[in-house]
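As written, the chains take the letters A, B, C and D, and residue 1 is the first residue of each chain.
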């Protein structure tokens, strides 16, 4: 099997035009109107990334930007300490930033939240209560039993919990909901694990050592004195998140006694996850060394694993999400790839890269994974989740008459 | 004056499509046929950059790749240790690499040379003698009195020396020539200096301290033990190159006694240049701190300097070179810009960024400059030079009948 | 002239034992008793450095540690986020941190202040008013016309202003005073400039471009996202500090009209200084590229400059300050030195390194300078200043009976 | 249990004087004469480290330096591209470098080899055949069934194979032998694994992910373009070395059928090791994330593991090797330690640091390890091995009369 690099990318011109998947261009939506979207936490790192990605999105147009009261009332370019490597998009440069209240976002069909955890809890709840559809990158609701934790290339099916989330809300909701995406390190590893479980059945154990980029900590984030010429072998709460979130994402949904549906946390087959998280002097791109053990005996060979990963096609691609990558998993044959500096921006960071698939003398298989933490590990996941929800009819267009209702 | 950033870039979609300047799209060439081009030193760092930039060029199509005999006869992807952040373009991936002899490049109208200095001298001379048009990034012929040293946004007029170069060749040449572009650090600073001389007359003195990226040294180039947590305050030969090349580039061409034309080395008004060159832990993008003294008294104010730089429009733009940047000089108003990591890839690195224009207590004006050493500082300069030569009718299309001649 | 490296350092054992200059061992002090010292801002970066340097000082013993009320009352090791590469010295590990009030430091003969500028102004004034001898690394009093700004290897003579500082205080002081040391970048360049003015007379102009280490910004200081793979060509207020402080340091003291003595700001001969300050990805050690013009015509040759620098012997050495370096200026002959990673810890960072002394085509001479910003650029300067003051009899020993007075 | 940091280091003065363990000062050797030592590969990275460490060694004095014929005949300082952060020791600065022949080292009792693998095989064999005692950092003889692979804090007992190595040599040797030390990554992890096996019995499995410093690759070593803002998830041959060497080091020596003694490769209890090796942007210090499974059920608790590590006292300490660390394993309690930048130079890098000892959800225990790859991971191991051999009477003093024999 050749490297899929060439199958994936084509030449530079292709790569440029590939930002949005052409399988499902805008015209094929049942309703060709654009969705107006709002961004909470718009001045922060994740917010800036949302803006960059959405500036040329075929379905979504930025309608409103929310930030703290300190920034509210001022033009965006004056309050954002813009740290992206492309300039502030014209369309938002002079947009006036608003406080994060539902009233200010009433015209938005979709809300993307890049809020910090200390603010996200209350604000996202308020927005949901106001019948807004919230796609959040924050951790606050990931463990909520009625909020789906969706890695869009893995468990789009978990969106099916949304009606229950709405009906259990007090008062019950017609349109509002919260969808979360996973921690950046979790997201990266969940994709190949999902591909392998699909092909070979349950995984029993995974030992994961991460080498995580500084951008994962936001801005100002990691002090340079802590990371230049250094490794910090600890990221607060990160290992616990990985060990827990993977179970929710890779698990299914079951009917529980009371007629309610519940996430089963991979209960069909116990999965033990051990994570060791490290910060390294890399700007973007989390590298992870993964060793896994399958339930199935004998386990698949490295070559079978490579093939299953390369062939993995998530629903997000099949359904035609414009931000989904062409290849969910790019499998490298070179012995020293993937590398964050060389591979993190392929497919705009919407897929993951895997390399060095080989036998593990202790478990079954080990490999190296690279995931772009600011793309598929954060904003891109939220956006594909919103695309999935739109395609599934879960996101209503917000018209002028609806504004009255609110 | 507001930052010109917004005038320059537009949103992300614009930025993407701006790789090639639309003023002079392909159809406006007198002859709509593509030029076939060859690349010497194709496996090296500069060669890889030529390939990346030319893969989607509107006029030029890659016809042949040259490298050392060690690589010759093998498909490109097997011999290039590809280190670009985009994959190898499809069109060249399986192209068979050839030895650098004129016969192997006979079908090429244009030869781009990314050869190392130790090989470039002889090979480029052979190619010129074989009536090929060579655009070289190597230093070997920069000091040749009949070879133009062209920073395409500065002294396109120096191409007028080419007929003399051809007629003095033994035997005289009909089509072959060598055009060189400048050292990466020289190129960056020559652009604003040219803008200022055009607006305010001669500059008398310039003190330049550079902080140069590691990519300027090629691959493997700078050992990591030398540059991590370090500054190396010396780059062999670099200061001498800067102090000499700037004079040739900013100078004019005069008629000398024997009827020959000669580069005057800025003789119309003495210009003293003092360079201090440092290597820093930056991947791409040379930052330069520049202090200058004008001949004119009183000197222009910082604001006048900013305006003159922002307004500077080189011939390459006016003529419609597709690889010329929209803005030759982007002037930043923010106090802490330009920065290599944030600004080096604007306009695909084809322009330069200037910031912190302020008075110098010792000379007149000081400012900070950023130039992308692998783009305008290297391959992009060669390519715009070739576009300029093509627009000026200096590059013949190579037809089959001409191959016979060779 | 050979590199003075070998003259300076000797072998490893020598280097190790050279932390304290043996010319004036403890016993030669008029009074062999130790001075008790207090450290303000003890939990910060500069405070940690003070502790590290003073832990084994032959004259000074740490008596009290001051920090904000948040830390007060707790053992030092619990409140200091210790970031030095050697462990917390035993003697202070469990010392209880105190609030920065003079009462808490009444037993101290000497106060070292590593306070931030926002706290230093009031606290240092209070300590002086309480008759304590304050040696401050903060910028607050550097521009005070009665406070000496002392680079200990340059202008120890400026301590002679102290009686005037005391007599002008309201009420007049018997023992208390404030001595400041200079900004880290200023300190580095002031030393060779002083050596050259001593040898060759006034310098007329200096253009200085710095490449400064991240530790200069303290902790957390520079965000890693700002400096990894980057240069930030701006450090707030730094250029102004350099351009002003150099004049005060290199200038003399004159009698003014009212019988008062005043710093003349190098008025005997105008000196223009132009600084361009950059932050680079280096942990410790500021590198500076310096071009200077002498008043004297013809100017000294590069070789004369090298010799004058190597021969420079400040008062601090002659007087026998234990923390003074053996060689104030180490002159390197190698073409690519000094380098921060290799040279910053020589002589415990108490001297400076100079290399690449050569002619400047615009001014007279250019060279590269390296100064360890956390040693001679900060805490070490304060400590040598205190040693100088003690040797000059300006610092009384504080006995128990004096505590009563306070 | 408190961090052992304070038990280990004491204050700065202690740290400085602790380079050599005082338990067995020079006078306690049976013969107070110094051993003359030679260094092969003296100009390389490991050779420079040998010189730095041996310059003030209480027993060993540098007598001869060997390098390639290109350097032979020249003073050391002219041919070594000295890259240490302390200057070249006086004693060797002008020493004339010699070719690596046994004749040139006849006066040496001990030979330290920092040769590259491509040269070490033949030269080390020649030196052994000439009755010289070779302590090699090269990999060539590590797998030799009669050459001990000694991590000095782990398996000093393996030196007992030396008489067999000598007797099987053709012709049999009286004094000459080769002792190797392990790969830098192997060495680091072998020490805590040995401590744990000593306390709790056999380990069954270990999964190790390394983040290795660039200095491990020597000079020029890793190109900066490969590692700045990057992770390279592959180091050629490293994983295989770790997975094999650990077995030889942690295993015992058994009597085989033919009366010969043989390394048993941990045969008493199978040990499976899985290594994933990565290069990161760190100058010195390999960080390793380790998960292990014990044979013993139930396994020891994290606290028991911490205590066993902190209490581990190797023979090298008990015997009084001057270069042995005071604490073989420093156990950190802080949640984010060890870190290479802060902890790698403790005890001159002669011990290892362990932190984050906690339960592993897949195996039993996981922890983070830091080992200084250029100290205990390389030259320091060779030196302690030589100290051990000297203490055990395996290294004869070489007198003048013996030179005649050769």
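Assume a contact is a pair of C-beta atoms (placed from the backbone, for glycine too) under 8 Å apart; a residue touches a chain by one contact, two chains touch by 3 or more.
Here the structure is a predicted model, which is why all the values come from computation and not from measurement.
Novice: Could you see whether A-B or A-D has the larger number of C-beta contact pairs?
Specialist: Output for the comparison: A-D.
Novice: Find the chain most remote from subunit C, comparing centres computed as mean CA coordinates.
Specialist: Centre of mass proxy via C-alpha means gives A as farthest from subunit C.
Novice: Between subunit A and subunit B, what is the gap in Å from one C-alpha centre to the other?
Specialist: Taking the average C-alpha coordinate of subunit A and of subunit B, the gap between them is 40 Å.
Novice: Compute the distance, rounded to whole Å, between the mean C-alpha positions of subunit A and subunit D.
Specialist: Centre separation, subunit A to subunit D: 45 Å.
Novice: Counting only residues that touch at least 2 other chains, which ones in subunit A make the list?
Specialist: Only 83, 228-229, 281, 283, 341-342 qualify.
Novice: Per the contact definition, I'd like the list of subunit D residues that touch subunit B in the complex.
Specialist: Against subunit B, the touching part of subunit D is residues 83, 214-215, 219-229, 281, 283.
Novice: Which residues of subunit C touch subunit B in the complex?
Specialist: 205-207, 209, 211, 228-234, 236, 243, 272-274, 276, 278, 280-283, 287, 289, 291, 335-342, 355-356, 360-363, 366, 368
Novice: Provide the residue numbers of subunit D that touch subunit C in the complex, in ascending order.
Specialist: Within the complex, subunit D contacts subunit C at residues 5-6, 8-16, 19, 52, 55-56, 83-91, 93, 228-229, 283, 341-342, 345-346.
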